[in-house]
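Input: structures, listed below.
One chain, chain A, links the two complexes that follow: it is found with chain B in the first and with chain C in the second.
Moving on to the complex of A and B:
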């Protein structure tokens, strides 16, 4: 379904964003592209979508060269996250490839119906199923730029599922959106993944987000694939320890025989490193909060950076 | 064809509905475009009162010449608006959307960009000018002339569409094409307001061979008016507007197809 052999993309400035990547994705797979910002995930997606021409190598999507593909069937649905953050600045990333900002959601969906030649009956049926599931009934008369990030991402998902592309690509779909919207979208993606009809590619720089959605994880660093295998195995063998920092008023409580890996105490701050599959953050925090007077708590999950270092 | 038409109507519907969410704004926009452009004409009219004629063209004949620019431009912005502002489409990543959809690239760009309100402003002005001037310059209309007029208008639209298709293709290589448009379109359009014969050789050549605005209004107008200054040019130039339009468009289209390979989407 997607075959990539030794694909390289070097930009005119000399930056090689994708470096000799080979991979094969079968129909119905749900794959997560994981990597830090600037690792080359989006460039790889754009190569798959035919928005970039590879400098070198071979790419086939549905047995066709995606670049310069003739206007034909609805093959690829691309959803892009709206905000890119590099840790310091938020700036708007690539605009939506599905929705037009200045039109209402309703008009956008009607346009998609015409552009993708969706039969009237199918359109009505799909819309009736999608809107309540995503909780968007109220938003149909809003212009897209009036929607919150969470609503907007849900609107994107509605738009893309309306024409049911056999290849669904979501680039950083969870960035900047609220927890409720995230759970709704995760639910829908899990459903799609279970049906194994649609091939799904998701990108993220946060591994946790893809849990229970993806079977396969592809880790990308400096334009190269550094891990390609089962998501569970990646999680079990390579995801490091969580770190919890709690600041107490007075002395931290005694840790007794909690199954933690190591701890340090500095001033009134207790720092714990622990394996969340052995002791959950909830249990740990529950114990500490009930045995001492905590003023502040911070939990850090292992980042992609940590995982890549480990590999 | 039916499929294309239904897509055109879908775009028109969404475009108009969206603009008419703010009804007053929509009406004011149309009116403002009309007034802005009409202002230019009034200024020209007042200036011409001093001269009486320019190269033997009287005010009505000049308005007839002018009306062709407005009528073709009014139709032009229904179909070529997206190409007119194409560098913005690339800059904002909107072209990715077009690339990913299962329709022809130019089909989408031509059908989706229509600025109906501005088109109405320019078009109405063009028609008003045409109606006033055509009756006063004494054209004896017959079916052949009507057909010629319609073909000339279509060619005029196509010529301007082709010019912007060239600029759009150039946006694949350089992001900023604003000054190119300024020099080669907007300035040439200003020249085309007056009869070609008043300019020096260089500008005349540019208007005939490089940015062929002469075929948008001067030569078609000469077909109807037969002014003496036409003697400076071969007569057949009055008849080849459609050829110029189609050839230029095909040329621009080939360049577009070629340049598409150089497109690299923005983002990152």
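Moving on to the complex of A and C:
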């Protein structure tokens, strides 16, 4: 489906945004791209879309070079939540791909129907399913620039799902979206992931969200892939530190020589970071509870986000 | 083709939502006509003709120019906005030819201005102004063909200027200069008949002549036989030349985009 071999993209000025990346994504996979700002995620996505010419390397999407692909195939659906500034007018716009600002949402969707040649019946059916789900029925007569950021993102998602591209790329789709809408979009994406028909690539800074939707995580740092595999393996192979917080009545007990990575004491609350393969939570809690008068105890497992920070 | 047509239809429909805009548009067009008509009425002061040009020829020519400028209405900041916002690259993901889509959207907008601004003005004007009927059904047909060709010539000039957005920060100034040049040199304000001979000879070698004045001359039946063929050939030549220049600018702009990032 997507084959990338040693792809490199260097911009004039010497910035290498994607550095010798090799990657294979099969049909029906749901992949999450993780990385800090400027790690090269969006550049990699643009290479996959054929919007950038790679400086070096080989990229094939649907067995074709995405760069210079001929019009007429509805292969890639791109939704981007990247907020962009219009350097000329100093207003904040949205990097909309599918929707046109000056048209109402209804007219926009009709335009998509004819651009992507969606049959009338299918269009009506999909619209009837999508609009109530995303709560967009009342927004149909508004011009897109009148919509709020969240409504707009929902509209973008509706637009891309209307023509059902076999490759769906979502770049930061959760920006500006409230909890309810986030759940709806997540639900839709999870459904797509289960059906295994559409290949999905998702980037977001909310790793928890990625973990719930995607089966595969790809960590990108300085333009290179530093991890590629399941979220579970990521957690297992890079065991992060557990964190225990205990609130005591009075002074916390002495820690002696317990194998703890670091600790802090603040207002009678003791915070411990420890490696659970060296000392178990049970032993640690047992010792502390028997040597002091604890009021409250909290144990946190490491999250993927912590692991990434550590990497 | 239906895909491109729907760009025009949807643009037209979305324009219709602004009711106040088209009421003002009619007033605007009508006012322009009345001012022009009054000035030339005073200038003619009852004279039958000046340099062989009658008063009704002048008013008719101006009304046609108004109709053409209504048709030529378009969003000239389109390309700049897309480039400045960085959405130009994303646009290319849409499975349509960008230039064609732009052309059809502009045609939708032009059609709106013809139907809702120009036609009402023309009807009102026909009650009080001295207008000349077309010299024949064939002439109307020929005029329409040359309007379409003239439209493409003007659109291509606009596209070339807009494609400078790939290198310039703002093309607003260039567009304004271009519009002034087109309006004056193409004879939208002052009919070509009244221009000094040397200027007319210069304009003959520019694409501007092919935009406004050729349709006017065809409507009034001023051209005949081989002359008509010559004018059409000239319009088509300009379409080819300007189209090639526009395509070159467009491609080099895109090249910049995919290599340097947008």
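Please note the rule applied: the second predicted complex is superposed on the first by the 224 of 311 C-alpha atoms of A that agree within 3 Å, B and C clash if a C-alpha of one lies under 4 Å from a C-alpha of the other, contacts with A are read in each partner's own complex, and residues count from 1 in each chain.
Operating definition for what follows: contacts are C-beta pairs under 8 Å (C-beta built on N, C-alpha and C of every residue); 3 or more make two chains touch, one makes a residue touch a chain.
Just so it is clear, the model here is predicted, and its values are computed rather than measured.
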Looking at the overlay on chain A, is there a clash between chain B and chain C, or do the two fit? clash
On the A-aligned overlay, A:78 touches which partner chain: chain B = first, chain C = second, or both, or neither? both
Looking at A:117, would you say it contacts chain B, chain C, both, or neither? Reply first, second, both or neither. both
Could you look at A:49 and tell me whether it touches chain B, chain C, both or neither (first, second, both, neither)? both
Would you sort A:176 into first (chain B), second (chain C), both or neither based on which partner it touches? neither
Thinking of the overlay built on chain A, is A:104 touched by chain B (first), by chain C (second), by both, or by neither? both
Stretches 22-30, 40-48 or 130-138 of chain C: which one clashes with chain B? 22-30
In the superposed view, which residues of chain A touch chain B and also chain C? 11-12, 43, 46, 49, 51-53, 71-74, 76, 78, 80, 93, 95-98, 102-104, 107, 110-111, 114-117
Looking at the complex, which residues from chain B come into contact with chain A? 3, 6-7, 10-11, 13-14, 17-18, 21, 92-94, 96-97, 99-105, 107-108, 260-261, 264-268
Could you please specify the touching residues of chain A with respect to chain C in the complex? 11-12, 43, 46, 49, 51-53, 67, 71-74, 76, 78, 80, 84, 86-89, 93, 95-98, 102-104, 107, 110-111, 114-117
What part of chain A is in contact with chain B in the complex they form? 11-12, 17, 38, 42-43, 46, 49-53, 68, 71-76, 78, 80, 93-98, 102-104, 107-108, 110-111, 113-117, 143
For the complex, give me every residue of chain C touching chain A. 2-3, 6-7, 10, 13-14, 17, 80-81, 84-87, 89-97, 169-170, 258-262
